[in-house]
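By letter and in written order, the chains are A, B and C; residue numbering begins at 1 in each of them.
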Amino acid sequence: MSLKTESGNYFEDFYVGQELIHATPRTITEGDVSLYTAFYGSRFAINSSDTVAMNMGFEGIPVDDLLVFHIIFGKTVADVSINAVANLGYAGGVFGAVVYPGDTLFARSQVIGLKETSSGKTGVVYVRSQGRNQHGEMVLDYVRWVMVNKRDAASEAPTPELPELPGLVDPEHLIVPDELNLGAYDTDLSGSTDLFEDYKIGEKIDHVDGMTIEEAEHMMATRLYQNTAKVHFNQLQQESSRYGRRLVYGGHVISLARALSFNGLANAFKIAAINGGTHSNPTFAGDTISAWTEVLDKTAIEDREDVGALRLRTVATKNQRNAEFPDKRDDDKYDAHTVLDFDYWVLMPR
Amino acid sequence: MSLKTESGNYFEDFYVGQELIHATPRTITEGDVSLYTAFYGSRFAINSSDTVAMNMGFEGIPVDDLLVFHIIFGKTVADVSINAVANLGYAGGVFGAVVYPGDTLFARSQVIGLKETSSGKTGVVYVRSQGRNQHGEMVLDYVRWVMVNKRDAASEAPTPELPELPGLVDPEHLIVPDELNLGAYDTDLSGSTDLFEDYKIGEKIDHVDGMTIEEAEHMMATRLYQNTAKVHFNQLQQESSRYGRRLVYGGHVISLARALSFNGLANAFKIAAINGGTHSNPTFAGDTISAWTEVLDKTAIEDREDVGALRLRTVATKNQRNAEFPDKRDDDKYDAHTVLDFDYWVLMPR
Amino acid sequence: MSLKTESGNYFEDFYVGQELIHATPRTITEGDVSLYTAFYGSRFAINSSDTVAMNMGFEGIPVDDLLVFHIIFGKTVADVSINAVANLGYAGGVFGAVVYPGDTLFARSQVIGLKETSSGKTGVVYVRSQGRNQHGEMVLDYVRWVMVNKRDAASEAPTPELPELPGLVDPEHLIVPDELNLGAYDTDLSGSTDLFEDYKIGEKIDHVDGMTIEEAEHMMATRLYQNTAKVHFNQLQQESSRYGRRLVYGGHVISLARALSFNGLANAFKIAAINGGTHSNPTFAGDTISAWTEVLDKTAIEDREDVGALRLRTVATKNQRNAEFPDKRDDDKYDAHTVLDFDYWVLMPR
């Protein structure tokens, strides 16, 4: 391999406290927003209509929270997970300043934990990644941990350091945009009259529809996010992999599930935080994704009469109908159809 | 099914005079325009070049008329046709105010007719749908009728009410934008020297080229239009349908045929009205679409020396060459290759 | 065939000195830029971030040079190569004024050479094509030559006239944008610390990654460029062709190779000139493209301390790994895996 070619970091290259400045800042444009709609068909009015968004107090259409997530995540891949075996989890994800088309996003990560695995061939790396806009304001802050290959199995294990990970984002830490004003919220245009008060803890919602994924779609999306993980793009290489196929980027499934969740959650206009997420099985082109959601909790927001937060758990499955809310098996493991278990806070008008 | 999930309207839910306000207004952007070009490869100069459009009197590139149609149509699906068995026809479609990137489109429909079908299991619903921009100006007004499932075959039939449908849009009702000025129209840049006077009633034009459709293309397009009809997206469900395949949204074929028609109609710069249209056979991914056009009529426009209107009938076929203008069979029915028969008015410089 | 339908120029229709004004000027938008990212996943910071681009002296994100190339090339197809058998080569390609979203591009070509081939059925046409922006400034000027069918094999051969073609663009003719200022160039954000001085003539760089191409991707890209060559789109027609498949537009492969070359050439921020290029084998959907680059030459730029130029040769192959820099065979011919041999000048900070 040429010395000029970046092969990315192996487990030995990380140390706790390490700061990673990720390359290629990204100006998000209306073109990215249109592509996002074309990939997932999302219908949340706030992300579709200038008029609706301005009526809610924003200066224009905010960029979908998950598009922000994918852009920031994508930047981290070349430095954090290009040599990863598995993306193990997310925690403590908080969305900050609202992102508009024209904003430029920058990403940095800090290594906050390291632990070699028992095999001695890999290690788990915990990073806290932060996205900022051109004004230096935080737009997204989250932790993820990945299992990364060692360059050399014989190299010595570092002293294990494990970060404290929050089980969920404390509702007090949710960031509600100052400019948000739901005084003139219009449920005709949003697509549903079900608001904060109408949802009950424990309630389950079947999102009914399904979407079949094509190779061209997930690859275009993942390239738009400038995510360089080879497993998504290189069929020649994947043919000799465990699955023999290209893998769909897990975030693509999160966005599909969120778009499907419009039917039943049309007024969940913003993701405020990501408590955690598990990609429980790989997704491939040809799979049909369905989703259902359980309301885990609900909470008022301090000093706000017009908006509350729902803690949701959205489960996405492939190639089966969801009418009976298929969930983990009795042994608390996922069956082969479940591809995503995603725990997050949304904002909803009261 | 959860009570929060919208299952859409069944035949029993409609009544004549009913007003439907469709959700999710849509701000059209330059991103949507680029995707439209990527889906169909349209080459009409007015929709491609600021310079050409401004030279024709517009303030910038107008959004393609069919993109406006698809956006408005898409909004109506969740309320009108999510439980439809078939999209039966269009009539009286008139384009109004020119739409520019940045405009936000809103859609409403009125139910103007109802008739149960003889089977007792379905009924035909006639709606007049109207798209407006953020200034309240009409951008598109058209009638369509669909065959919709009844929730319960045992429910009583309503008194049949059938609207009067125009066979075609009267040329006097065509809306020519006030700002249009063809004084400096440049046929080098438009791609053809054939203008209004050069077309003869009865003339047929073979558009020569063909386009093969991929699943990713029609699904991305249909999601961009926020059209939620399941038959386009859900292979798992479609496997047990009559065709075993996802169906291509009929409007996708209209746009392909229009783009192909550039070769032979390069100066037909604007669709002014839709007289009617029939999707005579389903289209699937893998089909290659070709098109030919017959000039049905031509007319001057009152008080305009610079522009006339041609009434065109564009026929799209799949998986055969069009050099011999394949048309209906002797019994006036369509053969299995014909997928679209579209009757419309275009504006053309004189 | 209808008289209205353009069948394009055959060999007999060309004459040396002929001026061709190509139809459909094109305003490039942020939507096009987003699609370009989605097609190729390019990560060069200058084309991704407003902040980075302005820091380099530009007024915003410049449009990728190859997107400019594809748009201009696409305009020439209907007049120059719609009846072509083969695209034989490029020479003397120079990029001029920087293109920004919002600029409108116009294309013209001059026929500069003609020679009937020995078969008597085809001839080689040499054209010099030029793209200009709405201010009349040259944005791209290049020569290409194509083998075009004769309408009638019996028609008389013209007197052969062959243009003088430069083997490469003289470095003195490279156009460095006046506004370029690399005083504050940031290698953290660009993704590599390897600058002009770090590259040696003769050095080879393996770009490691591979991209598998889907039909939907190359067709959407080629339609975005309004390139109408039938071989890319019409499977029905291609089934009876030599390959039985749709062909991928050669420029799509150039853009993929350039995007892959980021890994090893992250600071090669601009293509200044195209010396030549050979599409040595056809590319089809399903092929996985990899690339490697050889540094052919390097040169300072007159009156500039901050930037130099590298002459690069990027070779793209399909369906094999590039770790051993697979090149021409001993007989100087390409093996069946090599799809592109591209010779160009890039600018790089010193």
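Note that a residue touches a chain if its C-beta (ideal position, glycine included) is under 8 Å from a C-beta of that chain, and two chains touch if they have at least 3 such contacts.
Everything numeric in this text was worked out from a predicted model, so none of it was measured.
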### Query
Interface overlap for chain A and chain B, more than half of numbers shared or less than half: same or different?
different
### When chain B is superposed on chain C by its C-alpha atoms, the rotation angle in degrees, nearest 5
120
### Task
Compute the distance, rounded to whole Å, between the mean C-alpha positions of chain A and chain B.
36
### Query
Going by the touch rule set out above, which residues of chain B reach two or more other chains?
29-32, 34-35, 214-217
#### Entry: Contact set on chain A toward chain C in their complex
1-2, 4-7, 21, 23-27, 29-32, 34-35, 78, 102, 104, 106, 134, 214-217, 219-224, 226, 228, 230, 233-237, 246
### Of all residues in chain C, those that touch chain A in their complex
29-35, 37-41, 43-45, 48-52, 61, 188-192, 194, 198-199, 203-212, 214-217, 263-266, 286, 288, 290, 319-321, 323
